[in-house]
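Below are two complexes that have chain A in common, paired first with chain B and then with chain C.
Right, the complex of A and B next:
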(Lines of atoms letter the chains of each structure in order from A and count residues from 1; the text may use other names and numbers.)
(Lines give C-alpha, C1' and ligand atoms only; values in the text may rest on other atoms or scores of the structure.)
Protein backbone atom coordinates (compact mmCIF):
# COMPACT_ATOMS: atom_id res chain seq x y z
CA UNK A 1 0.00 0.00 0.00
CA UNK A 2 1.34 3.39 -0.94
CA UNK A 3 2.22 6.04 1.61
CA UNK A 4 -0.97 8.06 2.01
CA UNK A 5 -0.74 11.32 0.10
CA UNK A 6 -2.90 14.00 -1.41
CA UNK A 7 -3.69 13.91 -5.10
CA UNK A 8 -5.29 16.35 -7.52
CA UNK A 9 -6.32 14.98 -10.89
CA UNK A 10 -7.36 17.11 -13.87
CA UNK A 11 -8.26 16.41 -17.48
CA UNK A 12 -7.27 19.31 -19.74
CA UNK A 13 -8.68 19.69 -23.24
CA UNK A 14 -7.24 21.08 -26.44
CA UNK A 15 -7.85 24.71 -25.54
CA UNK A 16 -6.19 24.37 -22.13
CA UNK A 17 -9.65 24.16 -20.60
CA UNK A 18 -10.18 21.88 -17.58
CA UNK A 19 -12.77 19.24 -18.47
CA UNK A 20 -12.69 17.34 -15.21
CA UNK A 21 -11.10 17.82 -11.80
CA UNK A 22 -11.02 15.66 -8.72
CA UNK A 23 -9.11 15.59 -5.46
CA UNK A 24 -8.15 12.54 -3.47
CA UNK A 25 -7.11 12.64 0.14
CA UNK A 26 -6.14 9.82 2.53
CA UNK A 27 -9.17 8.27 4.12
CA UNK A 28 -8.47 9.40 7.63
CA UNK A 29 -7.66 13.03 6.96
CA UNK A 30 -10.36 15.68 7.04
CA UNK A 31 -10.17 18.21 4.17
CA UNK A 32 -9.06 21.04 6.40
CA UNK A 33 -7.40 23.23 3.77
CA UNK A 34 -10.32 24.10 1.54
CA UNK A 35 -8.62 26.97 -0.25
CA UNK A 36 -5.90 24.91 -1.92
CA UNK A 37 -8.12 24.07 -4.85
CA UNK A 38 -7.18 27.17 -6.83
CA UNK A 39 -3.49 26.65 -6.11
CA UNK A 40 -3.73 23.11 -7.44
CA UNK A 41 -5.37 24.33 -10.61
CA UNK A 42 -2.66 26.97 -10.99
CA UNK A 43 0.18 24.47 -10.59
CA UNK A 44 -1.44 22.02 -13.01
CA UNK A 45 -1.88 24.63 -15.71
CA UNK A 46 1.62 26.02 -15.22
CA UNK A 47 2.96 22.55 -15.98
CA UNK A 48 1.09 22.38 -19.29
CA UNK A 49 3.92 24.04 -21.23
CA UNK A 50 6.35 21.42 -20.06
CA UNK A 51 3.88 18.69 -20.97
CA UNK A 52 3.50 20.14 -24.46
CA UNK A 53 7.26 20.19 -24.92
CA UNK A 54 7.90 16.67 -23.73
CA UNK A 55 4.97 15.10 -25.56
CA UNK A 56 6.82 15.44 -28.85
CA UNK A 57 9.99 13.78 -27.64
CA UNK A 58 8.47 10.39 -26.88
CA UNK A 59 5.72 8.17 -28.21
CA UNK A 60 4.79 6.98 -24.73
CA UNK A 61 1.52 8.16 -23.33
CA UNK A 62 2.69 8.22 -19.71
CA UNK A 63 5.14 11.08 -19.32
CA UNK A 64 6.11 10.43 -15.70
CA UNK A 65 7.27 13.46 -13.72
CA UNK A 66 7.24 16.68 -15.71
CA UNK A 67 7.41 19.39 -13.07
CA UNK A 68 7.86 20.13 -9.39
CA UNK A 69 6.45 23.01 -7.37
CA UNK A 70 7.44 23.37 -3.71
CA UNK A 71 6.34 20.05 -2.30
CA UNK A 72 4.02 19.06 -5.19
CA UNK A 73 5.12 16.70 -7.97
CA UNK A 74 3.35 16.91 -11.33
CA UNK A 75 2.93 13.79 -13.45
CA UNK A 76 1.31 13.82 -16.85
CA UNK A 77 -0.29 11.48 -19.36
CA UNK A 78 -1.12 12.42 -22.96
CA UNK A 79 -3.76 10.49 -24.88
CA UNK A 80 -3.73 9.72 -28.59
CA UNK A 81 -6.10 12.60 -29.17
CA UNK A 82 -3.82 14.99 -27.27
CA UNK A 83 -6.07 15.24 -24.23
CA UNK A 84 -3.81 15.79 -21.24
CA UNK A 85 -4.26 14.17 -17.85
CA UNK A 86 -2.39 15.92 -15.04
CA UNK A 87 -1.88 14.56 -11.55
CA UNK A 88 -0.47 16.60 -8.67
CA UNK A 89 0.84 14.53 -5.81
CA UNK A 90 3.03 15.00 -2.79
CA UNK A 91 4.34 11.43 -2.56
CA UNK A 92 6.06 9.42 -5.27
CA UNK A 93 3.77 6.68 -6.51
CA UNK A 94 4.72 6.05 -10.14
CA UNK A 95 3.04 2.67 -10.55
CA UNK A 96 -0.16 3.68 -8.83
CA UNK A 97 -0.41 6.87 -10.85
CA UNK A 98 0.34 5.07 -14.11
CA UNK A 99 -2.39 2.50 -13.43
CA UNK A 100 -4.78 5.24 -12.42
CA UNK A 101 -4.09 7.13 -15.66
CA UNK A 102 -4.64 4.02 -17.78
CA UNK A 103 -7.95 3.24 -16.12
CA UNK A 104 -9.12 6.85 -16.37
CA UNK A 105 -8.09 6.89 -20.04
CA UNK A 106 -10.27 3.87 -20.75
CA UNK A 107 -13.12 5.41 -18.80
CA UNK A 108 -12.69 8.65 -20.74
CA UNK A 109 -12.81 6.80 -24.08
CA UNK A 110 -15.96 4.97 -23.09
CA UNK A 111 -17.52 8.25 -21.98
CA UNK A 112 -16.58 10.00 -25.24
CA UNK A 113 -18.28 7.27 -27.29
CA UNK A 114 -21.54 8.90 -26.25
CA UNK A 115 -22.66 10.78 -29.39
CA UNK A 116 -24.15 13.52 -27.23
CA UNK A 117 -20.83 14.27 -25.58
CA UNK A 118 -19.13 17.20 -27.29
CA UNK A 119 -15.35 16.69 -27.32
CA UNK A 120 -13.45 19.25 -25.21
CA UNK A 121 -16.51 20.05 -23.14
CA UNK A 122 -16.74 19.57 -19.35
CA UNK A 123 -17.49 16.05 -18.18
CA UNK A 124 -20.48 16.15 -15.89
CA UNK A 125 -21.53 12.53 -15.62
CA UNK A 126 -22.19 11.05 -12.16
CA UNK A 127 -21.16 7.63 -13.43
CA UNK A 128 -17.81 9.07 -14.51
CA UNK A 129 -17.37 10.64 -11.06
CA UNK A 130 -18.08 7.32 -9.43
CA UNK A 131 -15.51 5.56 -11.58
CA UNK A 132 -12.93 8.24 -10.82
CA UNK A 133 -13.57 7.89 -7.07
CA UNK A 134 -13.32 4.13 -7.33
CA UNK A 135 -10.04 4.06 -9.25
CA UNK A 136 -8.64 6.84 -7.10
CA UNK A 137 -9.29 4.82 -3.99
CA UNK A 138 -7.94 1.68 -5.59
CA UNK A 139 -4.68 3.03 -7.02
CA UNK A 140 -3.91 6.29 -5.27
CA UNK A 141 -5.02 6.47 -1.70
CA UNK A 142 -5.05 2.75 -1.05
CA UNK B 1 -39.73 4.58 -16.59
CA UNK B 2 -38.62 1.13 -15.53
CA UNK B 3 -37.45 0.99 -11.98
CA UNK B 4 -34.88 -1.77 -12.32
CA UNK B 5 -31.85 -0.84 -14.45
CA UNK B 6 -30.80 -3.95 -16.26
CA UNK B 7 -28.67 -2.45 -18.98
CA UNK B 8 -25.00 -1.99 -18.02
CA UNK B 9 -23.79 1.58 -18.09
CA UNK B 10 -21.63 2.58 -21.05
CA UNK B 11 -18.70 2.92 -18.67
CA UNK B 12 -18.89 -0.72 -17.67
CA UNK B 13 -18.75 -2.15 -21.15
CA UNK B 14 -15.46 -3.53 -22.35
CA UNK B 15 -13.31 -1.57 -24.76
CA UNK B 16 -12.13 -4.56 -26.74
CA UNK B 17 -13.53 -5.09 -30.17
CA UNK B 18 -16.87 -6.86 -30.38
CA UNK B 19 -18.37 -7.68 -33.76
CA UNK B 20 -16.40 -5.59 -36.19
CA UNK B 21 -18.76 -6.09 -39.12
CA UNK B 22 -21.83 -4.06 -39.93
CA UNK B 23 -24.34 -4.93 -42.65
CA UNK B 24 -23.69 -2.86 -45.75
CA UNK B 25 -27.36 -2.20 -46.36
CA UNK B 26 -27.74 -0.70 -42.91
CA UNK B 27 -24.72 1.49 -43.56
CA UNK B 28 -25.98 2.51 -47.03
CA UNK B 29 -29.37 3.47 -45.64
CA UNK B 30 -27.86 5.52 -42.83
CA UNK B 31 -25.39 7.28 -45.10
CA UNK B 32 -28.01 8.08 -47.73
CA UNK B 33 -30.19 9.62 -45.02
CA UNK B 34 -27.25 11.68 -43.82
CA UNK B 35 -26.61 12.97 -47.32
CA UNK B 36 -30.27 13.80 -47.87
CA UNK B 37 -30.50 15.49 -44.48
CA UNK B 38 -27.50 17.70 -45.28
CA UNK B 39 -28.72 18.29 -48.83
CA UNK B 40 -32.03 19.70 -47.58
CA UNK B 41 -30.36 22.23 -45.37
CA UNK B 42 -27.70 23.80 -47.59
CA UNK B 43 -27.69 26.29 -50.41
CA UNK B 44 -24.47 25.45 -52.23
CA UNK B 45 -22.13 22.59 -53.08
CA UNK B 46 -19.38 23.75 -50.76
CA UNK B 47 -21.87 24.00 -47.89
CA UNK B 48 -22.88 20.41 -48.52
CA UNK B 49 -19.25 19.36 -48.40
CA UNK B 50 -18.79 21.30 -45.15
CA UNK B 51 -21.82 19.71 -43.52
CA UNK B 52 -20.74 16.19 -44.49
CA UNK B 53 -17.24 17.02 -43.32
CA UNK B 54 -18.56 18.07 -39.92
CA UNK B 55 -20.42 14.79 -39.57
CA UNK B 56 -17.23 12.97 -40.46
CA UNK B 57 -15.28 14.92 -37.84
CA UNK B 58 -17.55 13.63 -35.10
CA UNK B 59 -16.64 10.10 -36.16
CA UNK B 60 -12.95 10.88 -36.52
CA UNK B 61 -12.38 12.21 -33.00
CA UNK B 62 -13.78 9.02 -31.52
CA UNK B 63 -11.92 6.69 -33.87
CA UNK B 64 -8.54 8.20 -32.94
CA UNK B 65 -8.68 7.25 -29.28
CA UNK B 66 -10.18 3.83 -29.91
CA UNK B 67 -7.72 2.82 -32.61
CA UNK B 68 -4.64 3.87 -30.68
CA UNK B 69 -5.76 1.84 -27.70
CA UNK B 70 -6.82 -1.24 -29.62
CA UNK B 71 -4.30 -1.38 -32.46
CA UNK B 72 -1.27 0.58 -31.38
CA UNK B 73 -1.14 -0.51 -27.76
CA UNK B 74 -1.08 2.90 -26.12
CA UNK B 75 1.72 4.37 -28.24
CA UNK B 76 1.14 7.81 -29.75
CA UNK B 77 2.43 9.07 -33.09
CA UNK B 78 4.79 12.01 -33.13
CA UNK B 79 6.10 11.99 -36.72
CA UNK B 80 4.25 13.24 -39.78
CA UNK B 81 4.90 10.28 -42.05
CA UNK B 82 3.91 7.80 -39.36
CA UNK B 83 0.60 9.48 -38.73
CA UNK B 84 -0.16 9.44 -42.47
CA UNK B 85 0.69 5.75 -42.62
CA UNK B 86 -1.61 5.26 -39.64
CA UNK B 87 -4.44 6.90 -41.62
CA UNK B 88 -3.70 4.89 -44.77
CA UNK B 89 -3.33 1.58 -42.98
CA UNK B 90 -4.92 1.23 -39.56
CA UNK B 91 -7.77 3.70 -39.97
CA UNK B 92 -8.78 2.49 -43.42
CA UNK B 93 -8.51 -1.13 -42.39
CA UNK B 94 -10.76 -0.70 -39.40
CA UNK B 95 -13.34 1.27 -41.38
CA UNK B 96 -13.28 -0.52 -44.75
CA UNK B 97 -11.32 -3.72 -44.09
CA UNK B 98 -8.67 -2.79 -46.65
CA UNK B 99 -5.82 -0.30 -46.79
CA UNK B 100 -6.12 2.88 -48.84
CA UNK B 101 -4.77 2.44 -52.35
CA UNK B 102 -1.98 4.99 -52.54
CA UNK B 103 -0.33 7.75 -50.56
CA UNK B 104 1.66 10.35 -52.54
CA UNK B 105 3.44 13.56 -51.76
CA UNK B 106 2.94 16.54 -54.08
CA UNK B 107 6.07 17.34 -56.02
CA UNK B 108 5.67 21.10 -55.93
CA UNK B 109 4.48 21.63 -52.35
CA UNK B 110 5.91 19.69 -49.45
CA UNK B 111 2.89 20.42 -47.26
CA UNK B 112 0.46 18.59 -49.54
CA UNK B 113 -0.18 14.86 -49.67
CA UNK B 114 -2.61 12.87 -51.78
CA UNK B 115 -4.41 9.81 -50.47
CA UNK B 116 -5.94 7.94 -53.41
CA UNK B 117 -8.82 5.51 -53.19
CA UNK B 118 -10.04 4.09 -56.49
CA UNK B 119 -13.52 3.09 -55.33
CA UNK B 120 -14.53 4.76 -52.13
CA UNK B 121 -17.17 2.85 -50.22
CA UNK B 122 -18.95 6.05 -49.29
CA UNK B 123 -19.64 6.84 -52.93
CA UNK B 124 -20.74 3.39 -53.98
CA UNK B 125 -24.44 3.99 -53.52
CA UNK B 126 -24.50 7.70 -54.32
CA UNK B 127 -25.49 8.82 -57.80
CA UNK B 128 -24.38 12.31 -58.72
CA UNK B 129 -26.69 14.42 -60.96
CA UNK B 130 -24.96 15.55 -64.12
CA UNK B 131 -25.58 19.22 -63.54
CA UNK B 132 -23.90 19.16 -60.13
CA UNK B 133 -21.01 16.90 -60.95
CA UNK B 134 -18.68 18.51 -58.44
CA UNK B 135 -20.59 17.04 -55.48
CA UNK B 136 -18.46 14.44 -53.81
CA UNK B 137 -19.87 12.69 -50.76
CA UNK B 138 -16.41 11.51 -49.87
CA UNK B 139 -16.38 14.86 -48.06
CA UNK B 140 -17.58 12.74 -45.15
CA UNK B 141 -14.35 10.72 -45.26
CA UNK B 142 -12.38 13.93 -45.67
CA UNK B 143 -13.93 15.07 -42.38
CA UNK B 144 -12.92 11.84 -40.68
CA UNK B 145 -9.31 12.20 -41.88
CA UNK B 146 -9.22 15.87 -40.94
CA UNK B 147 -10.43 15.14 -37.41
CA UNK B 148 -7.87 12.34 -37.00
CA UNK B 149 -5.03 14.63 -38.10
CA UNK B 150 -6.19 17.59 -36.01
CA UNK B 151 -6.60 15.45 -32.91
CA UNK B 152 -3.20 13.81 -33.09
CA UNK B 153 -1.53 17.20 -33.32
CA UNK B 154 -0.99 17.60 -37.08
CA UNK B 155 -3.51 20.25 -38.10
CA UNK B 156 -4.44 19.98 -41.75
CA UNK B 157 -7.19 20.70 -44.26
CA UNK B 158 -8.52 17.71 -46.17
CA UNK B 159 -10.66 17.97 -49.29
CA UNK B 160 -12.10 15.24 -51.50
CA UNK B 161 -11.57 15.47 -55.25
CA UNK B 162 -12.64 13.47 -58.26
CA UNK B 163 -9.24 12.34 -59.50
CA UNK B 164 -8.12 8.76 -60.21
CA UNK B 165 -11.24 7.64 -58.40
CA UNK B 166 -11.37 9.61 -55.19
CA UNK B 167 -8.37 11.61 -54.04
CA UNK B 168 -8.08 13.25 -50.64
CA UNK B 169 -5.86 16.28 -50.77
CA UNK B 170 -4.27 16.74 -47.35
CA UNK B 171 -2.70 20.13 -46.75
CA UNK B 172 -0.79 20.54 -43.50
CA UNK B 173 -0.24 23.80 -41.66
CA UNK B 174 3.26 25.29 -41.83
CA UNK B 175 3.82 24.80 -38.11
CA UNK B 176 3.52 21.04 -38.56
CA UNK B 177 6.30 20.89 -41.17
CA UNK B 178 8.56 23.15 -39.13
CA UNK B 179 8.10 21.08 -36.00
CA UNK B 180 8.65 17.84 -37.87
CA UNK B 181 11.93 19.09 -39.32
CA UNK B 182 13.04 20.20 -35.85
CA UNK B 183 12.28 16.78 -34.41
CA UNK B 184 14.14 15.04 -37.17
CA UNK B 185 17.18 17.19 -36.70
CA UNK B 186 17.32 16.42 -32.99
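Right, the complex of A and C next:
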Protein backbone atom coordinates (compact mmCIF):
# COMPACT_ATOMS: atom_id res chain seq x y z
CA UNK A 1 0.00 0.00 0.00
CA UNK A 2 0.99 3.62 0.25
CA UNK A 3 3.69 4.94 2.54
CA UNK A 4 2.54 4.15 6.06
CA UNK A 5 1.32 7.21 7.89
CA UNK A 6 -0.65 8.32 10.90
CA UNK A 7 -4.32 9.18 10.57
CA UNK A 8 -6.86 10.80 12.83
CA UNK A 9 -10.48 10.46 11.79
CA UNK A 10 -13.40 12.38 13.27
CA UNK A 11 -17.10 12.70 12.52
CA UNK A 12 -18.47 16.14 13.39
CA UNK A 13 -22.17 16.80 13.90
CA UNK A 14 -24.35 19.81 13.28
CA UNK A 15 -23.28 21.64 16.42
CA UNK A 16 -19.56 21.23 15.76
CA UNK A 17 -19.54 18.40 18.28
CA UNK A 18 -17.34 15.33 17.66
CA UNK A 19 -19.57 12.28 17.36
CA UNK A 20 -16.80 9.81 16.72
CA UNK A 21 -12.99 9.87 16.77
CA UNK A 22 -10.39 7.28 15.92
CA UNK A 23 -6.67 7.19 15.31
CA UNK A 24 -4.80 4.88 13.00
CA UNK A 25 -1.09 4.23 13.12
CA UNK A 26 1.01 2.01 10.85
CA UNK A 27 1.07 -1.58 12.02
CA UNK A 28 4.83 -1.84 12.29
CA UNK A 29 5.30 1.36 14.19
CA UNK A 30 6.37 1.41 17.83
CA UNK A 31 3.14 2.36 19.57
CA UNK A 32 4.48 4.70 22.17
CA UNK A 33 5.22 8.32 21.79
CA UNK A 34 3.19 10.92 23.62
CA UNK A 35 -0.47 11.11 22.96
CA UNK A 36 -1.16 13.81 20.36
CA UNK A 37 -4.89 13.49 20.66
CA UNK A 38 -5.41 17.01 22.01
CA UNK A 39 -3.41 18.53 19.18
CA UNK A 40 -5.34 16.51 16.59
CA UNK A 41 -8.63 17.70 18.00
CA UNK A 42 -7.39 21.28 17.87
CA UNK A 43 -6.27 20.99 14.25
CA UNK A 44 -9.53 19.32 13.21
CA UNK A 45 -11.59 21.97 14.97
CA UNK A 46 -9.62 24.77 13.35
CA UNK A 47 -10.17 23.22 9.95
CA UNK A 48 -13.95 23.24 10.34
CA UNK A 49 -14.19 26.86 9.19
CA UNK A 50 -12.40 26.02 5.98
CA UNK A 51 -14.59 22.98 5.47
CA UNK A 52 -17.70 25.12 5.90
CA UNK A 53 -16.37 27.61 3.37
CA UNK A 54 -15.42 25.10 0.74
CA UNK A 55 -18.58 23.05 1.00
CA UNK A 56 -20.53 25.80 -0.73
CA UNK A 57 -18.19 25.93 -3.69
CA UNK A 58 -18.80 22.40 -4.90
CA UNK A 59 -21.58 19.87 -4.91
CA UNK A 60 -19.17 16.95 -4.49
CA UNK A 61 -19.22 15.26 -1.14
CA UNK A 62 -15.46 14.65 -1.05
CA UNK A 63 -13.69 17.95 -0.57
CA UNK A 64 -10.12 16.66 -0.84
CA UNK A 65 -7.51 18.75 0.97
CA UNK A 66 -8.91 21.72 2.84
CA UNK A 67 -6.11 22.67 5.21
CA UNK A 68 -2.53 22.05 6.22
CA UNK A 69 -0.97 22.48 9.65
CA UNK A 70 2.77 21.89 10.09
CA UNK A 71 3.15 18.37 8.76
CA UNK A 72 -0.56 17.41 8.98
CA UNK A 73 -2.88 17.54 5.99
CA UNK A 74 -6.62 17.83 6.55
CA UNK A 75 -9.09 16.23 4.14
CA UNK A 76 -12.82 16.49 4.47
CA UNK A 77 -16.04 14.87 3.26
CA UNK A 78 -19.47 16.45 3.75
CA UNK A 79 -22.77 14.61 3.35
CA UNK A 80 -26.05 16.12 2.15
CA UNK A 81 -27.20 16.13 5.75
CA UNK A 82 -24.16 18.33 6.54
CA UNK A 83 -22.42 15.73 8.67
CA UNK A 84 -18.70 16.38 8.30
CA UNK A 85 -16.05 13.68 8.18
CA UNK A 86 -12.54 14.99 8.82
CA UNK A 87 -9.30 13.09 8.35
CA UNK A 88 -5.90 14.35 9.49
CA UNK A 89 -3.02 12.59 7.80
CA UNK A 90 0.67 13.10 7.34
CA UNK A 91 1.02 11.36 3.98
CA UNK A 92 -0.93 11.98 0.77
CA UNK A 93 -3.35 9.14 0.14
CA UNK A 94 -6.29 10.67 -1.74
CA UNK A 95 -7.75 7.44 -3.08
CA UNK A 96 -7.43 5.55 0.17
CA UNK A 97 -8.97 8.38 2.13
CA UNK A 98 -11.80 8.80 -0.36
CA UNK A 99 -12.64 5.08 -0.17
CA UNK A 100 -12.40 5.18 3.59
CA UNK A 101 -14.83 8.13 3.72
CA UNK A 102 -17.32 6.38 1.42
CA UNK A 103 -17.25 3.22 3.54
CA UNK A 104 -17.61 5.18 6.77
CA UNK A 105 -20.51 7.08 5.21
CA UNK A 106 -22.30 3.78 4.46
CA UNK A 107 -21.57 2.58 7.99
CA UNK A 108 -22.87 5.83 9.43
CA UNK A 109 -26.10 5.62 7.43
CA UNK A 110 -26.73 2.10 8.62
CA UNK A 111 -26.00 3.16 12.19
CA UNK A 112 -28.41 6.09 11.94
CA UNK A 113 -31.23 3.64 11.15
CA UNK A 114 -30.94 2.39 14.75
CA UNK A 115 -33.95 3.79 16.63
CA UNK A 116 -31.89 4.08 19.80
CA UNK A 117 -29.37 6.34 18.14
CA UNK A 118 -30.17 10.03 18.59
CA UNK A 119 -28.90 12.06 15.60
CA UNK A 120 -25.93 14.31 16.45
CA UNK A 121 -25.09 12.37 19.57
CA UNK A 122 -21.81 10.47 20.22
CA UNK A 123 -21.58 7.11 18.51
CA UNK A 124 -20.90 4.42 21.06
CA UNK A 125 -21.50 1.24 19.15
CA UNK A 126 -18.87 -1.54 19.33
CA UNK A 127 -19.92 -2.70 15.87
CA UNK A 128 -19.26 0.77 14.47
CA UNK A 129 -15.81 0.77 16.10
CA UNK A 130 -15.01 -2.59 14.58
CA UNK A 131 -16.04 -1.44 11.13
CA UNK A 132 -13.95 1.72 11.51
CA UNK A 133 -10.90 -0.32 12.54
CA UNK A 134 -11.43 -2.69 9.66
CA UNK A 135 -11.77 -0.03 6.96
CA UNK A 136 -8.94 1.97 8.48
CA UNK A 137 -6.63 -1.00 8.18
CA UNK A 138 -7.87 -1.77 4.70
CA UNK A 139 -7.67 1.69 3.13
CA UNK A 140 -5.43 3.78 5.32
CA UNK A 141 -2.66 1.93 7.06
CA UNK A 142 -2.57 -1.18 4.89
CA UNK B 1 -39.03 0.41 -2.89
CA UNK B 2 -41.31 -2.20 -1.44
CA UNK B 3 -45.09 -2.53 -1.57
CA UNK B 4 -46.77 0.88 -1.18
CA UNK B 5 -49.85 -0.41 0.58
CA UNK B 6 -47.86 -1.25 3.72
CA UNK B 7 -47.02 2.41 4.33
CA UNK B 8 -50.61 3.46 3.52
CA UNK B 9 -52.05 1.05 6.09
CA UNK B 10 -49.51 1.86 8.79
CA UNK B 11 -50.20 5.56 8.26
CA UNK B 12 -53.95 5.00 8.55
CA UNK B 13 -53.47 3.08 11.77
CA UNK B 14 -51.12 5.72 13.17
CA UNK B 15 -53.75 8.40 12.56
CA UNK B 16 -56.52 6.40 14.20
CA UNK B 17 -54.24 5.40 17.10
CA UNK B 18 -53.38 8.99 17.86
CA UNK B 19 -57.06 9.96 17.87
CA UNK B 20 -58.06 7.14 20.20
CA UNK B 21 -59.66 8.30 23.39
CA UNK B 22 -62.39 10.17 21.55
CA UNK B 23 -63.45 13.37 23.32
CA UNK B 24 -60.48 13.53 25.68
CA UNK B 25 -57.93 13.93 22.92
CA UNK B 26 -57.70 17.43 21.52
CA UNK B 27 -57.32 17.72 17.78
CA UNK B 28 -54.25 19.91 18.12
CA UNK B 29 -52.45 17.53 20.44
CA UNK B 30 -53.05 14.55 18.21
CA UNK B 31 -52.09 16.37 15.05
CA UNK B 32 -48.91 17.62 16.61
CA UNK B 33 -47.98 14.08 17.67
CA UNK B 34 -48.34 12.95 14.09
CA UNK B 35 -46.31 15.90 12.90
CA UNK B 36 -43.57 15.05 15.35
CA UNK B 37 -43.50 11.46 14.15
CA UNK B 38 -43.15 12.75 10.62
CA UNK B 39 -40.34 15.07 11.67
CA UNK B 40 -38.27 12.33 13.27
CA UNK B 41 -38.85 10.08 10.26
CA UNK B 42 -37.93 12.73 7.74
CA UNK B 43 -34.80 13.74 9.63
CA UNK B 44 -33.36 10.23 9.54
CA UNK B 45 -34.77 9.34 6.15
CA UNK B 46 -33.12 12.14 4.27
CA UNK B 47 -29.64 11.11 5.46
CA UNK B 48 -30.21 7.76 3.80
CA UNK B 49 -31.94 8.97 0.67
CA UNK B 50 -29.40 11.61 -0.27
CA UNK B 51 -26.57 9.10 -0.56
CA UNK B 52 -26.59 9.12 -4.30
CA UNK B 53 -27.95 12.54 -5.04
CA UNK B 54 -25.07 14.67 -3.83
CA UNK B 55 -25.24 17.94 -1.96
CA UNK B 56 -27.31 21.01 -2.78
CA UNK B 57 -25.92 24.47 -2.76
CA UNK B 58 -29.01 26.58 -2.51
CA UNK B 59 -32.49 26.54 -1.06
CA UNK B 60 -34.30 26.31 -4.37
CA UNK B 61 -32.32 23.17 -5.29
CA UNK B 62 -33.28 21.68 -1.96
CA UNK B 63 -36.97 22.45 -2.62
CA UNK B 64 -36.75 20.90 -6.06
CA UNK B 65 -35.22 17.80 -4.49
CA UNK B 66 -38.19 17.58 -2.12
CA UNK B 67 -40.66 18.00 -4.99
CA UNK B 68 -39.05 15.47 -7.24
CA UNK B 69 -36.86 12.86 -5.58
CA UNK B 70 -38.42 12.75 -2.13
CA UNK B 71 -42.01 12.72 -3.37
CA UNK B 72 -41.21 10.04 -5.92
CA UNK B 73 -39.52 7.87 -3.31
CA UNK B 74 -42.32 8.17 -0.77
CA UNK B 75 -45.44 8.72 -2.88
CA UNK B 76 -44.42 7.40 -6.28
CA UNK B 77 -45.16 10.65 -8.08
CA UNK B 78 -43.75 14.16 -8.30
CA UNK B 79 -45.25 17.34 -6.92
CA UNK B 80 -47.38 18.84 -9.65
CA UNK B 81 -46.58 22.49 -9.09
CA UNK B 82 -44.05 24.48 -7.08
CA UNK B 83 -44.57 28.16 -6.49
CA UNK B 84 -42.39 30.58 -4.58
CA UNK B 85 -42.20 34.23 -3.83
CA UNK B 86 -38.41 34.01 -3.67
CA UNK B 87 -38.56 35.33 -0.16
CA UNK B 88 -38.74 32.11 1.75
CA UNK B 89 -42.30 30.97 1.04
CA UNK B 90 -42.83 27.91 -1.14
CA UNK B 91 -46.14 26.28 -2.02
CA UNK B 92 -46.23 22.70 -3.26
CA UNK B 93 -49.35 21.61 -5.13
CA UNK B 94 -50.20 17.94 -5.32
CA UNK B 95 -53.31 17.30 -7.41
CA UNK B 96 -53.70 13.71 -6.38
CA UNK B 97 -52.13 13.21 -2.96
CA UNK B 98 -51.72 9.49 -2.51
CA UNK B 99 -52.92 9.34 1.06
CA UNK B 100 -56.16 11.12 0.13
CA UNK B 101 -57.05 9.44 -3.16
CA UNK B 102 -58.87 6.56 -1.51
CA UNK B 103 -60.91 8.84 0.70
CA UNK B 104 -63.11 10.97 -1.47
CA UNK B 105 -63.31 13.06 -4.59
CA UNK B 106 -64.62 16.45 -3.65
CA UNK B 107 -65.67 17.99 -0.39
CA UNK B 108 -66.67 14.89 1.54
CA UNK B 109 -64.52 14.27 4.66
CA UNK B 110 -62.90 17.68 4.23
CA UNK B 111 -62.81 18.27 7.99
CA UNK B 112 -60.84 15.06 8.55
CA UNK B 113 -58.32 15.57 5.78
CA UNK B 114 -55.82 17.59 7.87
CA UNK B 115 -55.26 14.53 10.08
CA UNK B 116 -53.93 12.65 7.12
CA UNK B 117 -51.60 15.45 6.11
CA UNK B 118 -49.94 16.03 9.49
CA UNK B 119 -47.41 13.23 9.14
CA UNK B 120 -46.38 14.45 5.70
CA UNK B 121 -45.96 18.02 6.95
CA UNK B 122 -43.65 16.69 9.62
CA UNK B 123 -41.82 14.55 7.08
CA UNK B 124 -41.07 17.55 4.90
CA UNK B 125 -40.03 19.64 7.91
CA UNK B 126 -37.70 16.89 9.14
CA UNK B 127 -36.05 16.45 5.76
CA UNK B 128 -35.50 20.17 5.41
CA UNK B 129 -34.15 20.43 8.94
CA UNK B 130 -31.46 17.86 8.27
CA UNK B 131 -30.57 19.57 5.01
CA UNK B 132 -30.06 22.83 6.87
CA UNK B 133 -33.35 24.67 6.27
CA UNK B 134 -35.41 25.59 9.34
CA UNK B 135 -39.02 26.06 8.41
CA UNK B 136 -42.66 25.67 9.25
CA UNK B 137 -44.79 23.43 7.04
CA UNK B 138 -48.57 23.66 6.88
CA UNK B 139 -51.08 21.99 4.63
CA UNK B 140 -54.33 23.08 3.13
CA UNK B 141 -56.99 21.09 1.37
CA UNK B 142 -60.09 22.47 -0.33
CA UNK B 143 -60.95 19.71 -2.77
CA UNK B 144 -59.86 16.13 -2.19
CA UNK B 145 -57.57 14.59 -3.29
CA UNK B 146 -55.68 17.77 -4.20
CA UNK B 147 -53.76 19.55 -1.48
CA UNK B 148 -51.20 22.27 -0.97
CA UNK B 149 -48.21 22.25 1.35
CA UNK B 150 -46.89 25.63 2.34
CA UNK B 151 -43.29 25.88 3.49
CA UNK B 152 -42.23 29.01 5.31
CA UNK B 153 -38.47 29.24 5.76
CA UNK B 154 -37.36 30.83 9.03
CA UNK B 155 -34.45 33.11 8.46
CA UNK B 156 -32.22 34.91 10.90
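One rule holds in what follows: the second predicted complex is superposed on the first by the 141 of 142 C-alpha atoms of A that agree within 3 Å, B and C clash if a C-alpha of one lies under 4 Å from a C-alpha of the other, contacts with A are read in each partner's own complex, and residues count from 1 in each chain.
By our rule, a residue touches a chain if its C-beta (ideal position, glycine included) is under 8 Å from a C-beta of that chain, and two chains touch if they have at least 3 such contacts.
Remember, it's a predicted structure, so these values are computed and weren't measured experimentally.
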| item | value |
| --- | --- |
| When chain B and chain C are modelled together on chain A, clash or fit | clash |
| Contacts of A:59 with chain B and chain C, given as first, second, both or neither | both |
| Partner chain(s) touched by A:139 [first = chain B, second = chain C, both, neither] | neither |
| First (chain B), second (chain C), both or neither touched by A:9 | neither |
| Partner chain(s) touched by A:80 [first = chain B, second = chain C, both, neither] | both |
| Touching partner for A:111 - first (chain B), second (chain C), both, neither | first |
| Most chain A residues touched (candidates chain B, chain C) | B |
| First, second, both or neither for A:128, with chain B first and chain C second | first |
| Contact residues of chain A, present in both the chain B and the chain C interface | 55-56, 59-61, 78-82, 105-106, 109, 112-113, 119 |
| Residues on chain A engaged by chain B in the complex (per definition of touch) | 55-61, 78-82, 102, 105-115, 119, 127-128, 131 |
| Touching residues (chain side chain B, partner chain A) in the complex | 9-11, 13, 15, 58, 61-62, 64-69, 72, 74-78, 151-153, 179, 183, 186 |
| Complex interface listing, chain C residues touching chain A | 43-44, 46-48, 50-51, 53-57, 130-132 |
| Chain A residues within the chain C interface of the complex | 55-56, 59-61, 78-83, 105-106, 109, 112-113, 119 |
